[in-house]
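Pasting the structures in now, so scroll down.
The following pair of complexes shares a single chain, chain A, combined with chain B in the former and chain C in the latter.
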Partner chain A sequence: MNISIQNVEMTYSNGKQALQGISAPLQSPSLIGLVGPNGAGKSTLMKLLVAGLLPTKGEILLGDSPLISKEKELKENLGYLPQSFGLYDELTVYQFLDYMAALKGIPQSRAAIEKAMAETNLSQYKRTRIRTLSGGQRQRVGIAQAILGNPKLLILDEPTVGLDPEERINFRNLFSKAAQDKIVLLSTHIIEDVQSICNRIIILHCGIILFDGSPQELILAAQGHVGMIDQMPAEKEEGYHITARLNTLKGVCCRIVAEELPPIAQAVDPTLEDAYMYLIAKEEKK
Partner chain B sequence: MSFLSYLRVETGRIFRSRIFWLAAVLTLCAPIAGYLFYFPATLNHESSIGLWIANPALAGTFGGTVLFALLTLYELDRVYRKEMASLTDTIVSTLMLSSSRTLSLLLAAAAAVVCAAVLYLPYTLYRTGALWDGGYYLFAYLGLMLPTVWSGILLAAALYQFTRRVELSAVLLTALVLLSMSQYVSDQFLLRWINPLVPWCSDYFGNLRVIQTGLYSRLLWLLLSASLWLLSLPAIRKYGYGLGRSFLKGCRKIYLPFTAFVLIGCGFGMYLCQPFINHSQMEYASFSSHPMSTEPKLTIDEVEITCKPNVMTGTQQGTATYKIFNLEKEDVVETFIMNCGYTIDKVTANGETIPYTDLNNDLNFEKQIEVTIPPGYVTLVMEYSGMPQVWNGLRGSLTGTVFSPEFISLEMCDFYPYHSFIEHGKLELTLPEKLIPISNWVDIEVNLISENTDGTRTWELEPPRGGYFGNLYAAEYIALETETENISAVFYCPKKQQAAMEEVNIQQILADVLEYCSAHYGTPPFAEEGKLRLIEAGIPAMMGGYAVDQTSIMSENTFYEKIYTASAETANSPEIMIHEIVHQWWGLGKNLYDDNTASNGWSSEGLTTYTTYRIIKEKYGEEYAKEHCVDVWQSQADYLKNNFYFRYPEYLDRLPEQYAARVRGSVDSIMMYSVVPLKILKAEKLVGGEEKMDEILKGLFTNQNLNPITYADFLDACGLTEEALELD
Partner chain C sequence: MIKIFLYELRRILTNKFFVGLFIVTCIYSWQTLSGDIITGVANTAPFSAWSYGLYLGKTAPLLVITLLFFVTFLYSRKEKQVQSITSTTSFSPARYCLLRCAAMAVGYLLLSVAVIGISFFFYDWVFQFSDFGNLLLPILLILLPTFVFFLGLGMAAGRIFPPILYGIMLLVLIFGQIALPPVADLFGIQFYQSYPLTLPLGADGEPAFSVPASFWIGKILYLAAGGLLMFAALFKKKRTY
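Our next item is the complex of A and B:
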């Protein structure tokens, strides 16, 4: 599967410009993390990719043809988890997945449903009415319907919201496994989610792509811009961002990113999160 | 294939929804309203079929349609409100999913309606007993209720898909319901949506016309709602667009708007070409459309007619053969009149096809056909066929000429293309064997001439008056005889009704009325000649009654058994039946008429109504008579006094024709049936009581003067002035 985003702009009818001139090729297999603060345009980009919206300008190609002309092919190969969604409360988990399997036209749906339930740890809730599920369980049902039938394109908008840390790790593994033969596009505002599994990160900020590359490249870009300082600065200093406060034996220290590290700071190796913060901070300064 | 699997899971989902079960259970309860307070089918005639089948089914129709329309709005809206659509719309076509969702609602509604029909079956069987009519039951639930509920679902879905707003859709649906129930459309069977027009139900004479118009109107509404729904499919929002852009994009599936417009076209065609009601003006034209030429250009010696009604379809096919002598040396254009529903299939003169013109100029019950007749002796053959139409003025009651398996009613222009010059006529009528024809004219004999092998019998009518065949009624009649000291009477009623009639001793009631009138006023003109005939005509032909020589014809509702069995407090009044028998004295024995009848209301109806009241008073007591006669007259007279158009008739002309006709008609009938009886009642008090009044009336009745009794004659006989009888 091969998707190409070409100079896509998206302005909503209320005038809000969500995306400005986005371009990116997506090829399988890959696991792409789409990262950015809230309101950066992640959900909009995902809706464009699932043909829930049409771009104001530019185009998205599926293979060589415009996505819109291949909607049927797209729908047949798509697993999508939107950021917010509803489930039919009156159905049991199995009935709901059976409903979705029928919509997706999955042959041998029973086996596919059992597999999806097993992978999302829902097998024990098979006959439970959705009405009685917790928030995290509902989110898992949402993921289960997305991976149902092993689609070639998996688009997941903030999939791990509402899940406890242990479940998050499970799902990271699941997505990473799934990405072996398909495109998995995963949006999050928590860099930690994508750190260990993505082979590619796209950082969106205010509707433009700030970065598109491997995690290593992102870290490399922040090399020399991350440091530690021993104590809290007395007053707010211009020119750097605190990314973390750590309790150490010596007391509280701060991890900072800056274009130019202050002399009191001791340079350290950036983490992915540092790199991300550095990039965003740099952009916001502009 | 995929659509079927969508349908499977959508239907499965609907059946698991609590809201669906709520709607379904309430729909199952809705017919109960038809037992308790919703009585649209028995306003004119409390028949068993009306009470126990039509009313509950119509209540179910109303309730089920409202409930399923609301369920549809809820179901369609919830996928957006609760964001299920954000999951489903990306993996399937919204068009397919919405279609299967609506279709699954239609299936669910069908299940609910079938359950209702099954649920109420035992009780209905128990209540209707021998009058049970399985075909009508199926019609009521599957022919009226189901399509109406379906159209409600389609309309609700269409409105929602257009507006994407529940409350706006609900408001529009409510407006449609109110319009459908308003008086503007109350007499138009095609325009009534949620409350199909069922003006009567017949226990004994069949319901073919109500069934036909009911099914026709349901088909129309299904077509219209389906076309609106199809048109709304492109409007389903896509790509985050609003109505306009979604619709334009959706219309690229050109077959959707195309099919929708084809269906709308069919609907319009059905509306314009409905075969049941003619296009006459609504006010009865007192002049006939048949021109009476003073210098005849031809003579018609004879007409021979063969009529073959098809009782299953309600149509007839006939051939009329006229022996004509054209006195002129050239072609003469002659006008025949016939029922507006018939068409001429072929006209030949001496074996050669000749042209004719169907003027389609409906007036009252008939239209004109112009035929060009060659000079000399001509054998003219007209072949005609079609379904007789109801006069537009009676479109609200759907009564008139009818061919049905249980009952046939035919009037002058419904037999054949009529012409008033005909010297002699003969008619052969082939009917199903159980139907026995009776003419309203005692001197028109109806003779059986052959029993056919196909289960029909052929009857022959030879009237003494040219080509005029009067009115003919055919049903499974039996004759019940009544003898009193002076008069004998025979009552023709349907065989099915015999037991009920004998149980209430109908013969005794008839005898009482006949004796009362003979004793108070004298023997009626028919007494010397023979029997008085009473014919029960089916409500499909008419409501009420009329009288001609020696014969009183009354419609089925007049004879409704409850009238006679119920106690005085609760009964419907038997007054129509008594009224029509009394007409053998007032009206036929002595005619009452006046040059001023149009303004003072003086006619045979006044005295007939008064006499009816006296008989009712004697039989059922003073209190009953006051409640059912005097109080009714008084309230009608009060209504008239307060009626704007009665006080200011000049404004009447400013009303649209059909309303003016209705107002005028009701003013006339209130004058005749309520104001004049009140005046006679006042006269009764002024002359010194009932006995005095009876003497005066006897004097008027036995007076040898053949002129109609005028209001002045009556006042003279009472010794009163016009002013003395003015009402307060």
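Our next item is the complex of A and C:
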């Protein structure tokens, strides 16, 4: 599968410009992490990709044709988990997935449902009514309906929200495995999720792409801009971004990102989170 | 497709509002039969088509309210959230909506069958009357246009602003109480009480069941309006907001 986002702009009717001329090719196989602060335009981009919105400018191509003319083809190959979604509470987990399988036109739905339930650790809740599930279990039902029928394009908006750490690790592995033969686009606030599985990161900020590349490239860009210093008074924090306060034997130390590290700082290897913070801080300073 | 229809039907029939309204409608039907209808309408027998028309006209508002409750399910906040998932499948939205309308139609039909079944049982039990053939026309004249018109109106209103549906429910109750000309009298409550008095009596001492052209025209107009509104509601505007 091959999707091309070309100079896409999206302005809502209230005048809010969510995306400003963004371009990016998406090719399978890949697992792409879409990262950015709240309001960066991640969910809007995802809605555009699932043909839930039409761009105000630019276009999205599926293969060589505009997405809108191939909407049916797109949806036949799509698994989508929105950030906020509802489920039919009166149905059981199996019934809801069966309903979704019918809407998706999945042949041999029984096997596909069993597989999706097993992968999302929901088999034991097969006959449980959705209204009795916890938030994390409902999220898993959402993920199960998205992966149902092994779609070629998997778009997941904040899929690990509400999951406990063990489940998050399980799902990271699941998405990583799934991405071997498809496009998986994963939007998240949790950098750890991206670091461990994504082979490409797109950082969105105020509707523009700040970075599009591998996690290693992003880390490399922050090299020399991350350091450790002893805690300083608040008035001296200007020009730095403290990413962590750490309790050490020497007392409290701060991990900082800065365009230029102060002489008292000891440079350390950046993590992906540092690199992300560095990039966002640099942009906000502009 | 059948599977989706069956799930939708199950969701409607197991809904607590439907169960509650079903019970209320059944009780109200029995009370109407044993109160207003048992003495007959406009000097006709209690089991005449005229009396039966009044009975259906009086129970129709409850059927319509149940139908409008079904329609609220299509436009509720919760439903919108589920649609964020269902709308990204390859299933045609118009076909999906039609399937759900079909499930609502079956729900309405089941409630109508209960209302009709209660009346048939009442007639047989109280009057040993079982010649129900002549009651078919009032059934069609009341239940079909009412269903099509209010389904279309409900769907169109629900798309524009869902809370309007509750206002329509209130209007339905008022609508059943006011005197309207035959062309506009959807439930026919006034019509079935007054029109037979203007007709000559037949050999059996009762006016034959025949409705004026204006009444037919009114029903056809309601059917057409309902169909158009339904079509407008099914035609979904696309996604830039």
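Throughout what follows, the second predicted complex is superposed on the first by the 282 of 286 C-alpha atoms of A that agree within 3 Å, B and C clash if a C-alpha of one lies under 4 Å from a C-alpha of the other, contacts with A are read in each partner's own complex, and residues count from 1 in each chain.
Criterion: a residue touches a chain if its C-beta (ideal position, glycine included) is under 8 Å from a C-beta of that chain, and two chains touch if they have at least 3 such contacts.
Predicted model only: the values in this text are computed from it and were never measured.
For the composite obtained by overlaying on chain A, chain B and chain C cannot both be accommodated without a clash. Touch criterion met: A:L87 reaches chain B and chain C at once.
When the shared chain is aligned, chain C comes close enough to touch A:T56, but chain B does not. In the superposition on chain A, no contact is made by A:I190 with either chain B or chain C. Within the superposed arrangement, the part of chain B that overlaps chain C, taken from 80-88, 278-286 or 350-358, is 80-88. Shared interface residues of chain A, touching chain B in one complex and chain C in the other, are 12-13, 50-54, 72, 75, 78, 80-82, 84-88, 90-91, 95, 98-100, 102-105, 142, 145.
The touching residues of chain A, counted against chain B in their complex, run 12-13, 47, 50-54, 71-72, 75, 78, 80-82, 84-88, 90-91, 95, 98-100, 102-105, 142, 145. Interface residues of chain C facing chain A in the complex, by the touch rule stated above, are 1, 3-4, 7, 11, 14-15, 78-82, 84-91, 96, 238-241. Chain A makes touch with chain C in their complex at residues 12-13, 50-54, 56, 72, 75-76, 78, 80-82, 84-91, 95, 98-100, 102-105, 142, 145. Against chain A, the residues of chain B that register as touching in their complex are 2, 5-6, 8-9, 12-13, 16-18, 79, 82-84, 86-93, 97, 239-242.
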